[in-house]
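Before anything else, here is the set of structures, which you'll find just below.
What follows is a pair of complexes built around chain A, which joins chain B in one and chain C in the other.
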Partner chain A sequence: MKPTVSPKKKFFIPSNKVYWTAKNPFEEFKAFIGSTPELPLDQIVQCTEAIMDRIRWGYEKLLEEEAKELVWMVQYNTIIKAYEVAEKYVKEVDYTAEDIEDFCFALENTQKIPYLIPGPAGVYISALCNYAKEEEIVLKLSELKTEINLIGFRLPRGKRLMIEGDTGDFTGIGLEGGELVIEGNAKNWTGAGMRGGKILVKKNIGLHTGEWMMGGEIYVGGRVRGLGNIVEGKVYERDKLVYPGKVRYPNHFY
Partner chain B sequence: MGKNGYQQQAMGIYQFISEHLYFNRPDMEIKGERFNSAILLSLLTGLRKGKELIIGEPGLGKTTSAEYVCSLIYQFPLGVIWGSEVSGHPEQTEEKIIGRPDLGKLNRGEEDVVWTNFSQIPVKIVDEINRLPETKQSMILDGVDRGNWEYLNEMIINDEYCLFATANYQDGGTNTIIAPLVDRFDVMVESRYPGANLSFLIGKDKRKDHVLRHPKFERDLTHVLKSKIAYEKKIPKMEEVCNDYGEYLLKAIGVKPFQRQDRDQIRAEMESVDLDLDASAFTRMVLAELSFCERYGQKRVVETCEEGCHYTGYLCYQIKNCASNRLPSSIKQYAQGLAWLLEDSQIDIEHIQAIIPYTLAHRIQWKEEVLSQKERAKRDDPFPIFLAKEAVKTISQRYREQSDHLKDALAIGSKIFQGGDWEPLEGDHPLYVEVKKDINGRKS
Partner chain C sequence: MEEQHYQSIIDEIWQKLKKKHLYPEIPMPKVRGPLEQGKGEAEEDEGVGLEMKQKQMTINGAFVSKMKGKMPEEKVIEALLDHGITHYTFCPWDFHTHLRLYAEAKKVVGDKELAKQVSNYFIDVIADTHCVKKRFTEIPELHRNLTKGAIDEVIAFLYQKIWGIDLGIQPSKTSGKTQADIVRRLARIPYLDRPRWGESIQKFARSLKPLLVEEQRQQETKGEKGESHPQGEHDLNHYSYEEIDQGLRDYARQTMALSEFKDVVEDFSEELKGAGYGMEGGMGRGQKNPIDADILFYMKLAENYSIPIKKVPLEQKGSLHPHSHSPWEVGSPFQEVDIWTSFGKIMPGITQIWTKREGKGRGKIEGTPDCLIAIDSSGSMINPRKSLSYAVLGAACATNAYLRNDSKVAVYNFSDAPMGGKDILNYTDQREDIYRVLCKYFGGGTALDLEDLMPLIQGKKNLDFFIITDMKITNLEALIGFFGQIQNRVTAVHIGDNPYAARFEKAVERKKNISIFTVKRKEDIPHIVLGRIRDYFNPTHIKNS
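Then we have the complex of A and B:
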């Protein structure tokens, strides 16, 4: 006899059976708290911006204190005073050589810095270079429209500053034993009052070169437009010693 | 960990073998320490009750390296180890490997088995396993897998054993070790040429292994092994002689071998070492790449990859077979051993990265195009180990790029598994798909 009702399959589970729970294959990650993804590039940008803000703030303070009327006369006393103020602010910032280069471009391109006065800017950049951790600093300034004055002011012994591009007046004045290399041209009063060290200008140099220079050497790869009243030191033009030498008339073409 | 000094004891054995018995060059670096892979992995095999395949050119110390390690870990004189080795040749029989009928008793109409030394002692060395017919290879590996040795209607059970098998590269006299058998080995390592200068020293010092020989203890052990008492009763007697030999070694060469209770303690300590999250996520990543197939559900040796598959850049596209379930346990087993030896509290990604190539090399079947592409690459390792190391490097790079996201995906997987209302994370790696599959399996 066939059963009239088709038997249905039933699962019998003993009432006192302890159920086996499915094992969580990710159990060990239960307590893992994912970190919010932060890209390394974001961190770098944030950090760089914070440093740039500090550098910019120092520059603005320098302008406030030393160029109140937006006029700045290049006199030896004003340069020294401006440098002392710049030193004060620069010492407080932890920066690298790359930040100095960024600051040079920010001077021209950003709205955050309202004005570029080549004199105080040069003094401030010189202070940045002199207090930088790196012994060798390269500033790629060839794209900069403005030629910055006073670069290399008081560059100390053991430092090497290389400028890719041209520089303005008073380049390397008061040099204190460092090595300043200009890949382009330098304007007037280069090396004025320098006490030691070396200035290398790959192209041409302007008038009053080495005015009241007390020591050190200036090498010029191109032409020296005119020498200043030099007290001590040497000036070479295309490997030829021009001071001390036969021709020592200031600001004369030779 | 490390308070009982077992790690220093193990490193002492490593140093002694490395400096006096098995001249070698270090060929692997872990956490700034350089090791010779053949000795290190043999040491871990002995301590971890593993199965190791040692490959290499004839005469480069494949068998001797295993013998030295086993002698010092298990306190067996070299003569006993030699007497218990199975040598691979086509005429090898079950009677010579496992046991034979007791002919005296048989004459009296009784059935009894005389077990071979190989089946009785914990150290199992098979010389040239690839010269054995496949049936005999299978018989040994089955026995070692289960720890049971059966003959006629009798059985002995080894509760402590390890296997070392050596294999020459393919030549006229060798059979192949078939894939399912090869998979049973936890690791494969090469016993390498130590270089002309060290090889020259080996030539000068012919009897360097006599320090591990001792005729009296060898006779005593042979006597115990031959005796007609039950196997379970032989073990304590054997250990007694082994301990005496261990004391002799300590006096004679200054190396303290491990006693049975030491080895048990070490194994318990190793078992307690767990993987940290990175080690776990990285291992899962490796396993996913070795088993994943988007089109056919998993890798199968009989199926080929589709042209233009999205996962072309991953390891699954370069290999033919699927990772077995023995692979993760081999990885964990040896990584635990390594972390313990280096006195680390957890297994981290470095332990895993160091171990994986040796657990993978013999298990992966690479596609022909991959083999022909990399065959001529400049390398220091035998081809299978080189390929496995390269694969680990590639996966490590991928892991570095997405470790946080991957761990997030696994953490969310855990939350979903516990009933949380989360969406699984998306990502471009087979492991994300595997996580989803596990979650979907749970939901359905």
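Then we have the complex of A and C:
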């Protein structure tokens, strides 16, 4: 039987026992292991991420249910239905105004949210604003490349939504007594079907402004490109009342 | 006296600090005494605790003295050095990251000075937060005792929130709500998540912008200069020439966008010039010579690609060969000894050594010939000063390849050459001159004037020809005929596919000295092998030339 160790090979065992104990060559750095205290920042970021995931999930569910073919037609019924679905998911999330703003920017990041469909996105953001805890919400969206449609949909009484930047079509439609302030421009069909409340657009506004509005006021700091068929309510252009008025007629574009 | 005392403190704590930061390669910090200046300037000088130039950190003795009553000197110095070291070890880490953060901030604030301020604050928040999280540091104590302006107060308020350490900040009554709003937004940013720094600085800039704009407006009204930063300014002084060079190269490669690169280079042009950065021949140096950002973009981008050149046997370059004998002397090289005529002995008077001379070692020594680059700048080509032109990038890579091999390059930039749409540069090794001609854009019709090429070719036995065009040349047949006559190595690069390119390929397919490459994407450029000929060892082109 062969010996397991060759007789020629000899192991050197140091006589000093100190050498005999294995020494970690990285002993010097031991002090640094695990010395990373948890900062409140970690918790805030973690919490923010979790909320954003929930909000994102709600939006994706909305798209699944309401824009199956990734096509969404803006019609009275589709808006109402999409809003109802959005409400269902939004109610489950505990979020702040900053989360809404982050979601708006996340919409443009295709890695995070694959589809930005302006209609459902606007309805969803409106639902988020309407169900937010804060009475006053400021969304700094001036660096956003996309103009969000339907923002301010059904904004309820007692809420103030302020948008820094421009908004798309159907801004503030079906407003329900809230106050919507747009620091930039708003596109067509602004305030359509609004029942009450106030829309203040600091710059210009597009066509069909106030179409079928039933009440409330629209103030425009710049120019009104065209009024819609207004039933009830007031429209001001640079502090001057343009509806009701003698000079301007419904669907008169200028 | 105080400086010596502070220096001794640094000597004492430096080893501990190095260990704490896992032994970064940073030289021992120095201490600077007060500068000789007016009262106002002296006060301003006292406000800056740390200066960083290249990798040398310098502690301002006046600042430490000023802080002495509030916290121990050792702690002030340690906190400042912790902060400084973290800039090298974590954020911004390198010049490329710094540029990237600045560019992202500028997208939001739009103004050069504001973008610099935003990136400085952001870099500081990351460095300090990293230090507080990962190391035992006196940075919070330093922040508790620093004199703060409006923005510094908001930043300290942010630290208080994200570090969970009381820094004694109470939101002011007048601007409390605004401050709290800003801090609430700032506190949500994942500062320590490096891959998200780009998106994070945009959010940071959006939140801080109103305060910065307000401060800038106040300064303009009062005609004052901005407050100095206690932890030092983040300018290009941090970086060495090589780091700046590498940073620009990386930034050009990463963005691949001429306009973005140009914006950043123009914003930093003064600092780049101050850092001695510019191009050969003096461009970028001196007050009246602005840096040509377009040329710099192609220069830095081309440095990311290395195109190989197949060398050719050159006639005039031969190796040294034994020519005659001379007597050996003590100290002469042994390897030169001719053992046959020395009778195998090493002895002065008997031993002989070979004297060598350069011979015409044709076929043995390989070299790189000069190159004539013909570049199409007609209307069908992209204007290289408006957006990234693969033609110019390809030609720039070819230029670098030849210059690296000690060869010279001539440029024939043509559009409608017979009508004067051309620029000719004779053989030179001045990179800047070559790039300037390459970047010229005529934007007219496309025709070559072969008469222009003759003076550049005549008298050159070995010459490579590199042409880069989309092949939509009016007198393409004349060009094909010209290539049919010459035996030089020709590398023809065409941008995109089209019938003209197909016609050219078909016409010259039998010519073994012509290699054709198509560039559709930037990734195609490294595939170009300059002067590659199918039958490399076939010396026909040499015989005929």
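Assume the second predicted complex is superposed on the first by the 213 of 254 C-alpha atoms of A that agree within 3 Å, B and C clash if a C-alpha of one lies under 4 Å from a C-alpha of the other, contacts with A are read in each partner's own complex, and residues count from 1 in each chain.
Here is the rule we go by: a residue touches a chain if its C-beta (ideal position, glycine included) is under 8 Å from a C-beta of that chain, and two chains touch if they have at least 3 such contacts.
Since we're looking at a predicted model, the values are computed, not measured.
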Chain B versus chain C as contact partner of A:D94, first or second or both or neither: neither
Touched partner set for A:D239, first chain B, second chain C, both or neither: neither
Partner chain in contact with A:K140 - chain B first, chain C second, else both or neither: second
Which of chain B and chain C A:E27 touches, first, second, both or neither: first
Which superposed partner A:I44 touches (first chain B, second chain C, both, neither): second
Between chain B and chain C, more extensive residue contact with chain A: C
Touching both chain C and chain B, counted on chain A across the two superposed complexes: 28-29, 32, 35, 37
Touching residues (chain side chain A, partner chain C) in the complex: 28-29, 32, 35-37, 39-41, 44-45, 48, 98, 102, 105, 109, 138, 140, 143
Contact footprint of chain B on chain A as seen in their complex: 22, 24-30, 32-35, 37
Touch list for chain B against partner chain A, complex: 275, 277, 280-281, 404-405, 407-408, 410-411, 413-415, 417-418, 435, 438, 442
Contacting residues of chain C [partner chain A, same complex]: 19, 22, 107-108, 129, 132-136, 161-164, 181, 184-185, 187-193, 199, 202-203, 206-207
